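Both complexes below contain subunit A, partnered by subunit B and then by subunit C.
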Partner chain A sequence: MKGIWPTAGVVLAGLALAAPLSGNAYLTGVAFQIAMWIALAQSWSMLSATTGYVSLGHAVFYGIGGYVAVLLVDAAPFPLVLLVAALAPAVFAAVIGLPVLRVRGPYFVILTYGLSELVRHGVMRIESALGSFGRMIFSAPSPEALLWWMVALAVAATLGAWAVRHSRFGAGLAAIREDEVAAETLGVPTARLKLLALIASAIIPGAVGGLAMMRTGYFEPGQAFDPVVSFTIVTMALVGGTDSVRGPVMGAIGFALLSELLWSSFPQLYMIVLGAALIGFVLFVPQGLSGLVDRIAGRRA
Partner chain B sequence: MKRRTTLAGIALGALMAVAPLGTAWAADPIRIGYAIARTGIFAAAAPSQENPYALWQEQVNAAGGMELPGGERRPVEFVSYDDQSNPANTVRIYERLITQDKVDLLAAPWGTPMHLALAPVLQRYKFPMVGNTAASVQLRKVAPGYIWFVTSAIPDSMGAEMAAMLKANGMKSVAVLANELPYAQEFRSFLLPALKEQGIEVLVDQSYPPDAKDMTSLLVEVKGKSPDAVLALTYPADAFLFTGQARELGLASPFVLSLIGPTIDAYRKAFGGAADGIVSSAHWSGQSDMWPRGKAFFDAYVAKFGEEPDALDSAVTWMSMEILQQAVAKAGLDHEKLREAIATGTFDTINGPVKFDGVQNAMTPTGFVQIQNGKIELVWPPAIKTADFKPKQGW
Partner chain C sequence: MSFLEVRGVSKRFGGITALNDVSLTVEKGEIFGLMGANGAGKTTLFSVIAGHAAPSSGEVLFKGRRITGLPPARICRQGICRTFQIVRPMAGLSVAENVRVAALYGSHGLRPGPQTDAKVAEALAAVGLDDQLETLAGALTLSGQKRLEIARALATGAELVMLDEVMAGLNPTEIAHMLDTLSALRRERGLTFVIVEHVIGALMTLSDRILVLHHGERIAFGTPEDIGRNDQVAEVYFG
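Moving on to the complex of A and B:
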């Protein structure tokens, strides 16, 4: 049973990479969305699922990466643009990390959300001071190339999340989640571990943001730092289940496909249907898709 | 277990593939796709654009359909989705409309960010679309375009015209309050130098976030400086906020601009007499008898929806469909021929003749309207005005 998950992952990545070969631009677009949400949800889980510090502000990393990529795209080779887009939010996380990670529980949730909004409005002001009113991107790579980059990020984020969970580092983070005070008493360097987890979870969203802006072909701070990105990440991780590495993958695929199916089939009603589906899910499948699979598998076996 | 998930996957995939087919089989009507913000911060503006689309469809179908070269007529039908006020969704929806739904023609979404994001998509698929509710000098960078802008409310000429109008009416000082969204900021960037050129003093220059819920502190500052003119560079949602709070505080300036929003019928219904005297952006008015097609549109709209068309958004939306219709009658549905026809033709619209120079409407003058006795009157420029500017008399 256990062996099928890596296989499933390889098949999935292969399918996504092959999507452009079908020549259907719409399928390429859907594959891009799914890979994007996997990369984001998986990155989020590196901090929030492991330590229990729930971030409601991951849009800030996505937005910073997007902004940096848009500023650089005409000036540097594309791989370098992505690299800088990934490093910029990591630096930001390193700077804000220590003070932000001193608060816990609901205060941490609100603080991350507020921080993301603060940066959003800051960038809006910078942009209007620079005399820029939305930036059009003319030199973006093709949608196919962007998809391949995005799949690479989804794979990297998944491997990264797996590595974190199966390491001493991950054990330390789990100790923080279970009882931070006790962990500290036992000699776990909690402040350092939390900071590293925050930085690790900021890197890939930066590159994802860069790719997403290239895909849209247009940058405007209100959209790049859209809090809906943060909300969607958390929703997907919860739908998928936060107990395992496959949870965010299943949540991202399930949620992205569902919302795609709903908005295209019920354009007038889909938000209502989506909301109802979410409520039902949280009420009846609290362990997430991943837990549901375990339960069904357990019953069968 | 494995089989069950696979089956579910196949079923989901099949559903997604089948869903659009139902309409694709009915090959007869001309299918026109668009996305619009039915939810999110731009939702207040959507009816001003969707109503004209619906009215246009009704009129075209009542006349036997959309005319093609050779006189054949085919009925039209719309395929539409909600972009949730997010340009990233707009891009994906139009890609879907073009490649999956395989629509014959495209109509425009609402708003400048959406149009700007769409320009590269239209370019990639070489699919022409007549834009309507958007304007930006940035679009001049796209050449040769598959997108055109019907409105003459382009920020650079608007800045100059606004300053000229203020000067002509003896305004010596202004307060500028600008939404942080791109269109308002772009207008602001052309307005400030134009004001300086006309010797008009700027007493307040502030920006506010698009989802602002309270403008009281900004308005108190403005009131304290008592400028001759208050120029609020609003989008529809914050136009309501601005007007409501300016009324509460009793802003006494004789010249009050609210950039986008006041031309929506609901605005006048919400504020009644308090809306009188508000200046706004538009270059068309149902009150004008300069353009014979305009009155017919105005009356048909009022008859169908029980309210007046938005002098800005509904008018430019209608114009974009008039242009599309006339271009299709001449060139048919082939995208390259259609692009050529739109780029080179002269079109008869409710706002007079329209011809494009690059992406821009080269014929229609940039104008401003004022609400007077509950009516939208063109007050600027003098060549097309339907009434003289009147200083705002209280709220």
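Moving on to the complex of A and C:
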């Protein structure tokens, strides 16, 4: 069972990269969305699934990356734009990290949410002071190029999350999640590791935000820092399961496909059905999709 | 130079004095017992030595170096590790994973690999948990969790192990078993122990020297025989 997951991942990435060959713009769009959510949920899991510090503010990294990319896109080559979009939220995470990571549990959840909203409103004020009510992007790369970049980010985030979980760093983060006091008694430098995890989980969302703004061709701070992005990330990770690296992948695919399907079949009931599905998952499949698959496979074996 | 030296340590929480000018020295290879009723300050003294609480005054030296005020992780890497009165297993991790964290981050600072796995196996064998590597730590019995904490301390490479009521809640068979384990650890590894124990029989059997605390103050000090004959101790303990 275990050996099939890397193969499945390669097949999936290949399919996504090949989506533009279908000539169907909708399919390319869906592939872009799925890759985007995989990259985001996987990055989130590097901090929140490993340490148990649940961030409800990852939209802030996505938004900062998007903002930076929009400001730079006409001034620099595209790879450099993405690089700066990735580094800017990492620097932001490094600055806010130490004080923010002193609180845990529900306080951390609320604090990350509040911080994200604070930045959202700050950027809205700045933009309106500059007399800007949304910025159009004219020099964005083609949808195909954006998709390939996004798939690369999804792959990088997945490999990164895997590497973290299987490293000494990951063992320290798991110890922090289980019992922070015990962890530091065993020599785990808890403050430093948490900060590094926060920074690691902020990098790829920044680049993702940059690509997403290019894709919509439009930047508006209320949308770029939309808290629904944070909520969706957490939802997908929970639906997929946080015990393994394939969880966020399964959650992102399952959730994105489900919402596409519902959107096209039941436009009026879309959000209601989605909400019911989420509640059902939390109540009846607490281990997420990946846990469900393991259980079914275990029963067969 | 003493192995561990506590110099004039006081600890006040608001208006309450938990420790008042306590000094002691622990020599390498000995088992040093701390005795006292509930609230005497034993656990506070542990917390001060291990870095979980900063003393209001006084200082702690380990192998001649001042460790007062260092964070617990740094103190661990210098070679001191404590266990907890109320056990703190990392319940969602396996027994082996618990000990692995200690091997990776303690004073050995090992990289993941066969050397780490060997260290983990060896620490678990020393406390008799080597048949439960894959068990979740949360599923162990209390006795098992206390042993797990000792195994973790061993895997950090600690030279000084501080055991906070490692016998509490164990049945007589488990206590006898634990006494054997601790004696073997000291004999075979030359480890130094500071132990807090309510099970007085166990404390008397194990310790080379005993310090008695009462309301945060040192009231008696000596060999187990001295302590057994001390009138003040008898008065505090038995009224």
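Just so it is clear, the second predicted complex is superposed on the first by the 301 of 301 C-alpha atoms of A that agree within 3 Å, B and C clash if a C-alpha of one lies under 4 Å from a C-alpha of the other, contacts with A are read in each partner's own complex, and residues count from 1 in each chain.
Basically, contacts are C-beta pairs under 8 Å (C-beta built on N, C-alpha and C of every residue); 3 or more make two chains touch, one makes a residue touch a chain.
Predicted model, so just to flag it, every value in this text is computed and none were measured.
Because the two structures share subunit A, they can be overlaid on it, and in that overlay subunit B and subunit C fit beside each other without clashing.
Counting the residues of subunit A that each partner touches, subunit B and subunit C differ, and the larger count belongs to B.
Using the contact criterion defined above for the overlaid structures, shared-chain residue A:E178 touches subunit C, although it does not reach subunit B.
In the superposition on chain A, contact of A:S167 is made with subunit C only, not with subunit B.
Looking at the shared chain after the overlay, A:A297 reaches subunit B, while subunit C stays out of its contact range. Centres of mass aside, this uses C-alpha centres: at subunit A, the angle toward subunit B and subunit C in the superposed model is 140 degrees, to the nearest 10. Contacts of A:P99 after superposition on the shared chain: neither subunit B nor subunit C is touched. Looking at the shared chain after the overlay, A:G29 reaches subunit B, while subunit C stays out of its contact range. Once chain A of one complex is fitted onto chain A of the other, the partner contacts of A:V188 are limited to subunit C, with no touch recorded for subunit B. Remark: least CA distance from subunit B to subunit C after fitting both complexes onto chain A is 26 Å. Interface residues of subunit C facing subunit A in the complex, by the touch rule stated above, are 50, 52, 71-73, 76-77, 81-82, 84, 88-93, 97, 100-102, 104-107, 109, 111-112, 152, 156.
Against subunit B, in their complex, subunit A makes its touches with residues 4, 24-26, 29, 33, 121, 124-125, 127-128, 131, 133-134, 136-138, 140, 212, 215-218, 220, 222-223, 226, 228, 257, 260-261, 263-265, 267-268, 270-271, 293, 296-297, 300.
Those residues of subunit A that touch subunit C in the complex are listed here as 166-168, 171-172, 174-175, 177-179, 181-190. Looking at the complex, you find that subunit B touches subunit A at residues 1-2, 4-5, 12, 15-16, 19-20, 38-39, 80-82, 86-88, 91-92, 95-96, 98-100, 112-113, 116-117, 119-121, 136, 138, 141-142, 178, 180-183, 185-186, 188-189, 207, 209-210.
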